[in-house]
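What follows is a group of structures, each given as structure tokens.
Both complexes shown next keep subunit A, but they swap its partner, so subunit B is in the first and subunit C is in the second.
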Partner chain A sequence: MTSATNTASRAHGSASLKHRLAERGIDTKLLLLVPAIVFALLLFVYPFAYGIGLTFQPLAATQDQWGGGFLSNYVAFFRDAFIFDSVWLTLKLALPAALFNVLVSIPIAFKLRNKFRGKRLLQTLLVLPITLGTVLTAQGLLIFAGRQGWLNRFLMENGIIDQPLALVNNYIGVMLSLIISGFPFAYLLISSYLSGIDPSLEAAAKTLGANWKQRFRRVTLPLLAPGLATTFILTFVLAFSVFPSARLVGDASGDTRVLALMAYRAFSEQLDYSMASTIAIMMGVVELIVIAFVFLGRSFLYKGSTGGKG
Partner chain B sequence: MSNSLRTRTAPPTEVVNIVKNRNKGKLPPGEKALIASPGTWFVWFGIAAFFILLFGIVLSVLVDSLGKPWFNTWLPENFTLGWYQESWERFNLTHIIGVTLLVAVSVIVISVVIGVPASYVLARSNFPGKKLVMLLFLLPILIPPITFGIPLATVMYNMGLGRTVLAVILVNLVPSVPFVIITMTPFIEQINPAIENAAKMCGANMYRVFTKVLAPLLIPGILAASILVLVRTVGMFDLTFLVSGPTSDTLVVAIYRAMTSAGGGESRQLISSMGVIYTALMLLILIIALRFINPTQLVAQVKDSRED
Partner chain C sequence: MAPSTNTFETLELKNVGRSFGGHDALVDLNLTVRAGEFIALLGPSGCGKSTALNCLAGLLPLTHGEILIDGKRVDILPSEKRDFGMVFQNYALFPHLSVEKNIAFGLQMRNLPKAEITRRVADGLALVKLQEQAKKLPGQLSGGQQQRVAIARAVVLEPRLVLMDEPLSNLDAKLRLEMRTEIRRLHQSLGLTTIYVTHDQEEALSLADRLVVLREGRVQQIGTPEELHNNPTNWHVADFMGYRNIVDLTVDSVTGSLARVSGHGISIMATVAQTAAVGDTVRVAIRPSDLVVLAPGESPQGRETIEATVNVVEYQGREFAVEVTTTAGQNLFVHAYSALLPGSTVQLSVDPSRALVYRTSLDQVDDSRRQLAGVPA
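Moving on, here comes the complex of A and B:
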């Protein structure tokens, strides 16, 4: 570090190139960035590039079955219904879960934005699911919502249902676990975005006589919309890479055969690293497509609504 | 009043509605109705349903881990602590928790050491290619862990690092370093640069500016970021699962393996007691964490600085 300052002071005297570079923002300070970039290149970019390269080296068995030469993995991905269907199965889980979490969080965050007794307690309780983790949530769901669990027992003894509801080991089970882990996250994010909106804007609308519907639709919602889009993306990312709960509370060979599960199976059970990388990378592609759509929509939202704000 | 308004200027419908609404509420301003509106009912119903589900899950795992036989009744017949003892010995939890904490602490230290200087540069200076660097740090957070985890795990196995603690630490660093950078950058942006400039004018070099001036100011942010990294690392399943083996499993992965092991898995109560231990560990971390940070505040700070 001392040598860095020495060169800097010498540069001040003589070299003008250094000075000109510094004006453009290239100076010794940038050295601090080097460890992080080296790290990202070694542990993220290199393996990723390696994985992409791997997808073009299919196993002989894959080539024999699907043809297509070095693209054989991709041919298999799109042709093999067992693999390709899992794209839809994943989206069918992740999109409704993310949408539900965001939509339900809006009114709740809106109502609970004011000060009331026990607010801090409620927010602390909402952080609780983070401590559970997916695995424990799965275990709890299996016991609580299983055939002999408290939920079914309560409903049966009160005569609401005759047969126990099938809430676990299927689509509903995974959805419930996604809501339990995703909703508190969405709520906390949205309520923080909401607290970032200047309350005097709404107060101004109120003095002009707008009722709560108008205030919400014309003032708060447009300002909140970009935050909602961000929250949706983050919740979607969480739900999209669902893996343990799809296996534990889901129907891993049927309804909840998500992409992450398929990739893991190819990786550890079939030891087909090139196919596993193909599924994994296609999973990233599908996710980025959805995110790109939301960003596109978000740019429309934002432009349309800030025009009035000035 | 509204009549005269309407005849003079023929206002748009919006204004008419507003004027109508003004007279609709019968209560004087500042008073609230005693009977809650349907919206309020909906909100409280939703929260209640969520908490019933949540507490049902937590309580049933807790009761299950304490119950002797529990099949067809509301509550188990007897209560015992035996399951804890058995699972502790059977799965060698001392070792597993030790590994979990070792991994978590190493990940925190390394990602803070690498991440904070980088976020300082990103917060303070503009340079060509800054957007590209930001994207490089954003991608590991946005891309699903499995997507880069599987190629990464393949590389690890090829290098002979598979199933070692070192591999577990390395894979967990991949999302953690960018996470520290993304959370610390706005935090550093809000520190007044004049303080550093003053120190530099008084003759302090980069190293001294960092240790004597910036570090004390950064402590709250570093603490917040490292607690979040801790929670993420202890809870991280996907990445750890891909590279860990019997001697390097963290607690979550050990529970998952016990649940899915061949032959129908271990007995349910053993897994429940492990789950309770996991939750207790996380709860302890979070209680300590909430004493230092407010989770909503951190996000709000991020957003405020983005708008600037």
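Moving on, here comes the complex of A and C:
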């Protein structure tokens, strides 16, 4: 500490102010940050703050119905079962979908680590759904799995079922859509985490007498776990903000009444901007709570290098 | 720690080979290892030595041949059932486990009772003098300490064979010498059987009971350090064994095992290590320390002398490493015990038994060279 002050006082003696500022990283290059800061302020910070402000300006109708003064929107959010239940409905979709995507990606990423003929083709097929929009996926699901879709027609004509399977316009339809669009993300992330683990660690475990189950449980999984947590969070956030597929292949006023739909409805059908903002903010809060839990769990895991040399 | 009880009589590699696609990484490796031996596999990178080790460890399946222990095939066993310990070049310590848990890993896999694991881990830590570091993670250790953990982790299992893949190549020069002694000490005191891969001839010569020199997947020579040091079987092995002067000369005459070879301003008597006929172009190998610089006025004792000009003089402690150029422009490396002046002219001589004549080609040689070079078949 003393040596630092010494240097500073000596610098004060000879170097110019410009030099002393530059030493602390303050120079004209900082001006390059201006466009980014303006952009962030105008397009993120201001609308976000404005949105939060809106939530405290409830419509008169909301205040009459739920009371609570300027907090009336929040009172409505928690008291109105139609709105509040959609928190659980959204979680019921997003949590299992994220969990499924992560868990299924692990063995596939494992298998695809080895070299084999046709690996690239298989990888392309697995990642392809990323390039399809959710709308295209929904359209495909309707054509394939709808009441009059190929699958049901095939099964009915061959006498395997009497009644068409209800695979779309309900919970299952949205779940399928979330898996189709979320899996490639999970797979890509996990396979990159996996490739970051030094293969000689597994070789070492092998020569020490560990069979494949022990190698996975004792070596690979602990090193992969932080990556799995991150992947889970990302796919969860993607699934939690589901909107188009909930409307197109879901049951928009029943089982798949997700939060994004509720916010959209509040603003477009009821013209209640303040309620829509409240729902949007609460979406963020629920996401943050889930993420906080995952990070809490992650903090107990080893997070250092996985390169083997430590 | 008690000497390893888990031992065998002989380990046999029969025609062991490994190809990758169309490329032969290892061809027809035949080797019999007796219990307690220290074998070094030596060669430049890409020579197949690591492939051989990985085949032994079971990390790579063989494409040809078999590996037998006391007559029983082990190459069909998976790696985890072979009961070999392996030390990796990058140590491959589990970064999420503490030093003691790394060492305990193999013991836990064998479902040993807790008390025994604790005892053997403590023994292992004491063996490599890392008791203080027991609770640390590998990332908090220095390179040398990590290496010692890797060795302890492999030897606490009292494996019947220890495989080491260039374990010292990531350490600095001083630590490398210390660890070399340490490895040899452990090998002796624990009665281990060790197969050690390296590209450093000095390391191999100092550690091993026998060396296997490989080139492009093929065995060039198997022998004791002395045999390899004094009687390399071809110029490639000679080059690897410190015969720094490798000069292409022409055979003028052959008398018994001696030949007169000349060219590039050099004309000397040399020993035929492989076949040589008059008129052949041959490759002559001489160690820098065997090229003697004659003091002014000293008689060459009936030997031919080579006249050369001093180029570069490097001080190396006890001696000087000197680069000289013959009158015909051939560079030679010699050792001198006094400082020579760059630009001065010197006379060199060499004992004919220390100048070895090889064929220029490295293709499979006939068996006659074995008798000539005195290498047991």
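Following the convention adopted for this analysis, the second predicted complex is superposed on the first by the 276 of 310 C-alpha atoms of A that agree within 3 Å, B and C clash if a C-alpha of one lies under 4 Å from a C-alpha of the other, contacts with A are read in each partner's own complex, and residues count from 1 in each chain.
The definition used in the following text is that contacts are C-beta pairs under 8 Å (C-beta built on N, C-alpha and C of every residue); 3 or more make two chains touch, one makes a residue touch a chain.
Please read all numbers here as calculations on a predicted model, not as lab measurements.
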Does subunit A have more residues touched by subunit B or by subunit C? B
Which partner does A:Lys29 reach: the first (subunit B), the second (subunit C), both, or neither? first
Contacts for A:Gln214 in the overlay, against subunit B (first) and subunit C (second): which applies, first, second, both or neither? both
With the two complexes superposed on chain A, say which partner A:Pro222 touches: subunit B (first), subunit C (second), both, or neither. second
Classify the contacts of A:Phe144 with the two partner chains as first (subunit B alone), second (subunit C alone), both, or neither. first
After lining up the shared chain so the two structures overlap, which partner does A:Ala204 touch, if you call subunit B first and subunit C second: first, second, both or neither? second
Check subunit A for residues that touch subunit B in one structure and subunit C in the other, and list them. 208-211, 214
Of all residues in subunit C, those that touch subunit A in their complex: 57-59, 78-86, 88, 90-96, 105-106, 109-110, 137-141, 146, 153-154, 157, 163
For a test of understanding, state which residues of subunit B touch subunit A in their complex under the given definition. 14, 17-19, 21-22, 24, 39-40, 42-43, 46-47, 50-51, 53-54, 56-61, 64, 71-72, 74, 113-115, 117-118, 120-122, 124-128, 130, 133, 136-137, 139-140, 142-155, 170-171, 173-174, 177-178, 181, 205-207, 231, 235, 237-238, 241-242, 252, 255-256, 259-260, 268, 271-272, 275, 278-279, 282-283, 285-286, 290, 295-297, 299-300, 303-304
Within their complex, state which residues of subunit A touch subunit B. 1-2, 4-5, 24-30, 32-33, 35-37, 39-40, 43-48, 50-52, 54, 104, 107-108, 111-112, 122-125, 127-141, 143-145, 148-151, 153, 176, 179-180, 183, 188-189, 191-193, 195-196, 208-211, 214, 227, 237, 240-241, 243-244, 247-248, 259-260, 263-264, 267-268, 273, 276-277, 280-281, 283-284, 287-288, 291
Using the touch rule from the top, collect the residues of subunit A that touch subunit C in their complex. 198, 200-201, 203-211, 214, 218-219, 222-223, 302, 304-310
